[in-house]
Amino acid sequence: MGWLSETILLRTRGHTDIRDLTSQIQAVVDRSGLRRGIATVFVTGSTAGVTTVEFEPGLVADLKTAFERIAPEAAEYKHHERWGDDNGHSHVRASLLGPSLVVPFESGKLLLGTWQQIVVADFDTRARDREIVVQVMGE
Amino acid sequence: MGWLSETILLRTRGHTDIRDLTSQIQAVVDRSGLRRGIATVFVTGSTAGVTTVEFEPGLVADLKTAFERIAPEAAEYKHHERWGDDNGHSHVRASLLGPSLVVPFESGKLLLGTWQQIVVADFDTRARDREIVVQVMGE
Amino acid sequence: MGWLSETILLRTRGHTDIRDLTSQIQAVVDRSGLRRGIATVFVTGSTAGVTTVEFEPGLVADLKTAFERIAPEAAEYKHHERWGDDNGHSHVRASLLGPSLVVPFESGKLLLGTWQQIVVADFDTRARDREIVVQVMGE
């Protein structure tokens, strides 16, 4: 059993900024020297989430539209009343998407489809410095 | 490689009852004596899910509003016709949120943000005794 | 620590085809000979996702209705303009549901509820041959 844990630092623009992390996560698997196992991807913070998507500008826009349908930015949020914040929709979107993803790998390669990229979505209403933890375990 | 698996028992009120489990999950990591690894959180049953959120009453209300938008309680559900149940929306919400979450830890501490708590959401239409499995593995 | 990784091959019909994989995933756990650990389920491709649900025809229909509410098939998608594809809603639904699930097991049995099945949802607009990776690790 081997292990490697690294943190990817990412400056985002917020406002459902969707960013492709696939090559950076594959690089962690490469550095681990492991042949097979799982890579856990976890974004720290409560206004961002992770998933996979075919990463191209059309779908990035389509995902933003869907999140606007699910948790509209202009809706009223109780979170605003409490803290004077403006990012209630950011929190709701992040909780629905979820902060964690687990991707298996074999022969040292993440078992993603050709058109399937690992992305972080930052829903906050300002630019943020994000930490994405990549923990690889296997043999 | 070390392991610890524990089950958290929780009496919920249902109706999108969202409960903070962070300290109980950190306590499992503490008891494991492990320094780094992953904690898998899994809720048994098909009308509850797990995610992370900034746990404060405003956002808890906002999440309920969002789930009502996605799967309204008053909509018609085929599940009701089949079983005479009234919890079709509970099942749909649970499936969309998902029952599992994986959180890495380092130096014995879950790598959560300051305002990021691990929660279970019980969507059922009655009080339930829930089992949440916490499985910690690492070194 | 033991390991077993297998790939389930599945011919789907697309159009939010939801299929029960529980017995096939339990069979992988059985073949591993492991008593306790975690099973990671991951679907390759960007137009399918995994979750759990009480697998009965009513709820399968209800889930399709919910996905139609979240990402309607007839909405306009930028993805179509770019590639001439017709499956923008398939991608959006898949990204929201997520491609991975982690289920713990004890005494060689997945810790699912009685009415909780592991399913893959294929959202694409045509029949597909899907690969679902099941990676079991434990002791």
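All chains are identified by letter, namely A, B and C, in their written order; residue positions are counted from 1 within each chain.
Operating definition for what follows: contacts are C-beta pairs under 8 Å (C-beta built on N, C-alpha and C of every residue); 3 or more make two chains touch, one makes a residue touch a chain.
Model, not experiment: these values are computed from the prediction.
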item	value
Same-residue or different-residue interface between chain A and chain B, half as cut-off	different
Superposition of chain A upon chain C: rotation angle, C-alpha, nearest 5 degrees	120
Mean-CA-position distance for chain B and chain A (Å)	19
Interface hub residues of chain C, defined as touching at least two other chains	1, 70, 96, 98, 102
Chain C-facing residues of chain B, complex	1, 3, 5, 40, 42, 44-46, 70-71, 75, 77-83, 88, 91-92, 94-96, 98-100, 102, 133, 135, 137
Residues of chain A that touch chain C when the two form their complex	1, 36-38, 51-54, 56-59, 61-63, 65-66, 69-70, 96-98, 101-104, 106, 111-113, 115-117, 137-139
